[in-house]
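Labels A, B and C are assigned to the chains in the order they are written; within every chain, residues are numbered from 1.
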Amino acid sequence: MTLRPTALRNLSLLLRHYPRRSYGSSTSVNPSEISHFDKLASSWWDPHGSSRLLHQMNPLRHDFISSCLDSQPDPPSTAKRRYLDVGCGGGIFAESAARLPSTESVVALDPSSEVITVAQEHARKDPLLLQPGRLEYRNYSVEDLSHPQSPKDKFDVLTLFEVIEHINKPGPFLHSCLPFVKPGGWLVLSTIARTWTSWFTTKFIAEEVVRLVPRGTHDWEKYVNEEELRRFFRGLEGWGSDGGVRCQGVVFVPGLGWRVVDGGEKLGNYFFGVRKDGGRS
Amino acid sequence: MANFSATKRLLSLPASARAAFLAPTRAFSVLKRPFPNYEGHVPLNVFERGALAAGSAVMSLLNPRRGDLIAALGETTATPYFIYRLRDAMLSNPTGRRILRDRPRITSRTMSVEKLRALPDNSVGRAYVGWLDGEGVSPDTRDSVKYIDNEECAYVMQRYRESHDFYHAITGLPVFVEGEVALKAFEFANTLLPMTGLSLFAVTRMKPAERSRFWQTYLPWAISNGLKSKEVINVYWEEELERDVADLRAELGLERPPDLRETRKTLREQRKAAKEEKEKISGLTSGKPFVGS
Amino acid sequence: MAVGTPSRALRPYTCSSCARSLKLRSRKFATAASPDIYDVVCVGGGPTGLSLLTALRSSKATSHLRLALVESQDLDRARKWDLPPDQYSNRASSLTPSSQFFLSKIGAWPHVDTSRVQPYHHMRVWDGLSSTARIAFDSPAPEPAIAHMTENQNLTRALLARLESLEPITIFDKTSVANINLGSQPSSPASEDTSLDLSSYPHVTLSSDHTVATRLLVGADGINGPVRTFAGIRTRGWDYDRHGVVATLRLPSDFSHDPGNSRGVTAYQRFLPTGPIALLALPGSYASLVWTATSTQAAKLKSLSTEDFLAMVNAAFRLSVVDLDYMFALSSGQFDELQWRESVSSSTSKEASGDIPQAVEGVQNNSIASFPLRLRHASSYTTHRTALVGDAAHTIHPLAGQGLNMGLGDSRSLASAIEYAVIHGADIGNEMNCLDKYNSEMWMGNNRMLGAVDKLHWLYSVKNGPVIPLRGLGLRAVDALGEWGVKRWVMRQAGAL
């Protein structure tokens, strides 16, 4: 299905209901969801299509990652970075990360083979992305990926953009991501808070009033709040000490695009980053 | 074509009114007069000019023989806009420009009456001198301009005044009130000088027969000819003296009005004949000659 | 796979003179090996195109991009341009402080020969039909100047020098664009083939037969350049039925740019019904003329003797419109007419007070030229993988001297959009996160400027009617409200502050 921009909707919510899949607590992926995303595949790279909001949000993801890396107590390494993008979709973030001069390589995962095909097809349009080792797409879910053996096979930045709100049990899912992050590296995610505003805009306005999306598209119960993420990582040994937890709210303003808003995590969309303790040697 | 240019002239009225709207009002007191801009110049402030205009208008209407008052009225009402328009009309025309450069004056010194009398009958010069002789006036009977601040515009006013007798000559309109008013109406349509328009108030002093003749014959002639003919201010009269009058009229696009003197003469004769007829009849009845009032 | 804007089909561009000879060649290229791929190919090496390339090279984030310039002229002539101090090019522009700031930022300003640049601190603008309606602009402090008069060639040479002091770019000069096409579609789908797909990349075939592909094609190639044709971007606008007459003039040799005012020089502009005439100071006793005239008047000005031409220029700042119209109708003798009119109403006091410029004394040989004036505005500055800058995007009436400044503004904006895209990993040929930023930053502002200048043109071409006292009142009101910041606002709109 294609979504057209509408003045009434809370646009941030639209992020929620398309090309991101529900990851089960196991590696199995709901087949009906896959077919849903297969239909959406062609719109991933249409700048006026339904993925427009994701495209528009993408620079803010980089800004947030940069702010995380810059906040480290030890000076950030000048070595080029390795990224693992979990739930890469059509590759909006993966491509942009691979283009950065500071990037060594990007590995991007998605359990939908259709989506991976779209991503690979699109990457052919850029000679830079075809450089060997620069950008690698894998049709896997993170649980299926074998754990890296040596620290150098691990990643400086692991990204989960618009993923965990689709996960039935986010805790175990996050646990399966942790081993891929280098000591001193960052796990960065974006999602939406479970607040009355997000319920009002996604459940009530989008599904009941405007009927922008079918009833039941959003599972508000699954939305994850920032405090819950903080609590989760506080309980983990070796994560987020020395100010290694960062958060930034963002709000979509029609006509202006995405804007960084302090405290926005209490309203809806936000970025969250947590650092794995240890040096970067 | 001629009508077009006339329309344009009227339409352009507010344009050059810039001077009216935008010239800063000169403020000076009676005690602090600015220097004159030319010989004989009398600088006036806005109030003085207004008072002089109103006074001369009233007085000249009461006494049309006061040429000095009519002259003052002409000068005080020509600024700020109208005299500039007339000057610009001259500046837009090669002959007009030449007149402004040469600044010729029409006086008995520059116009030799004897020489003019020697010209052929149908020439402009002969018509002019014939007109002077007939009316018993001389070229020197014109006052000097003194209330117009711009020196060049003062000359334009002077030139208009001195050319006035030539207008009589080529139109053949006589100097008594009826002819004068018809010529002023023509001048108003042609030069847009306000005084010429104000002179039309003299219509009130006419006899009813003259008035109806004016409305029915001379005013329509004056307006249509004044608008459609070329600007008569641009005629270099000194160079046209030997020219055939009809020829010059044709060049200016001017029709000759019905001869007022002839008309009046005919009318007078008709009236006289009618009166005699009446007398004859009354004489027959009363047997006593009747002496009219 | 929807990429770009399928609704707006890109039209291949082929230079008409090359169309026939290229028929066979383009077929050959369709199957040829993949061409040279650049990040940015800029067509047009004028100040706008050069400033864009220089901005990209001088920014840390974009300095690594692969850049190419296509220019039909011999750039050696621009590099070696050199005039003696008593000669000035007739194409000079007022660079606003914002333009100058941009040129400094990209490191080009130090390469400008400042001995040939004239800053000015004062402006006198007045209405030809109501001589008392005038406005005076004075920049508040000695610095900054309202603008800097700079020869376009001086700026071009400086930009080239700066560009060539940086990491080299590929330059194809003495080379024109033969045609522009999109790359061919890949023969097989991605599942079987991971080879490069350049079907969305513009492929520019040069007159040298060489073909380059580019991520972003920039058209700095003027009003009817090949890039806009290729991009299928329409323009709207009209011709003014006016010509801009330019010349390099000489003022009296003892001329010290501003009599009675030591703070700086003055730019003069008088609005005549046909259009404004402007005299802008160059260093020494020289000045640059820009006179908007009808095509008949322009032809007349070019046909006059030097003496009569100078008389016309001086008359245009001094005499009434009636006199000027009359003098335009003369085949010669304008000098004589001016002398006579000056003897009737002298302008020496106005000259002494600096309200009008000093009388010009000479005109540089062969410096009188004219060009038709037009208004054009592209409906958009960008499509997928193409962007238009400068005259390719907009052509403006020169009355506000904004043409070159708008072009430099485009370059600054596009370079910063590209920088943003590179920092955030976006494809610099994409509308999203790159070209859209440029278009949305510049289009509305430029459209406002084009509209304002166009309205000024029509306002001042009115000869009759109540408009004249009203516009005089407006001008005087702005002048009088100077203390309340209105003038500063007007100047800011013109980029002067």
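Heads up, the rule we're going with is that a contact is a pair of C-beta atoms (placed from the backbone, for glycine too) under 8 Å apart; a residue touches a chain by one contact, two chains touch by 3 or more.
Since we're looking at a predicted model, the values are computed, not measured.
> When all chain pairs are ranked by how many C-beta pairs they have in contact, which pair ranks first?
A-C
> So which chain ends up in the middle if you average the CA atoms?
Centre-most chain by C-alpha means: C.
> From the centre of chain B, which chain's CA centre is farthest?
Max centre-to-centre separation from chain B belongs to A.
> Mind checking the centre-to-centre distance between chain A and chain C? Centres are C-alpha means, answer in whole Å.
46
> What is the distance, in whole Å, between the centres of chain B and chain C, each centre taken as the mean of its C-alpha atoms?
Taking the average C-alpha coordinate of chain B and of chain C, the gap between them is 57 Å.
> What's the distance between the Cα centroids of chain A and chain B, rounded to whole Å?
95
> Using the touch definition from the top, list the residues of chain C that touch chain B in their complex.
129-133, 320, 322-323, 325-326, 340, 344-345, 463-466, 468-469, 472-473, 476
> Spell out the part of chain B that touches chain C in their complex, as residue ranges.
Interface residues on chain B, with respect to chain C: 11-12, 14-19, 21-24, 88, 91-92, 97, 100-101, 151-152.
> What residues of chain A sit close enough to touch chain C in their complex?
Interface residues on the chain A side: 42-43, 45-49, 52, 55-56, 58-59, 62-63, 95-101, 117-118, 120-122, 124-127, 130.
> Sort out for me which residues of chain C touch chain A in the complex.
Result: residues 1-5, 37, 64, 186, 189-191, 194-201, 215, 420, 422-427, 430-433 of chain C touch chain A.
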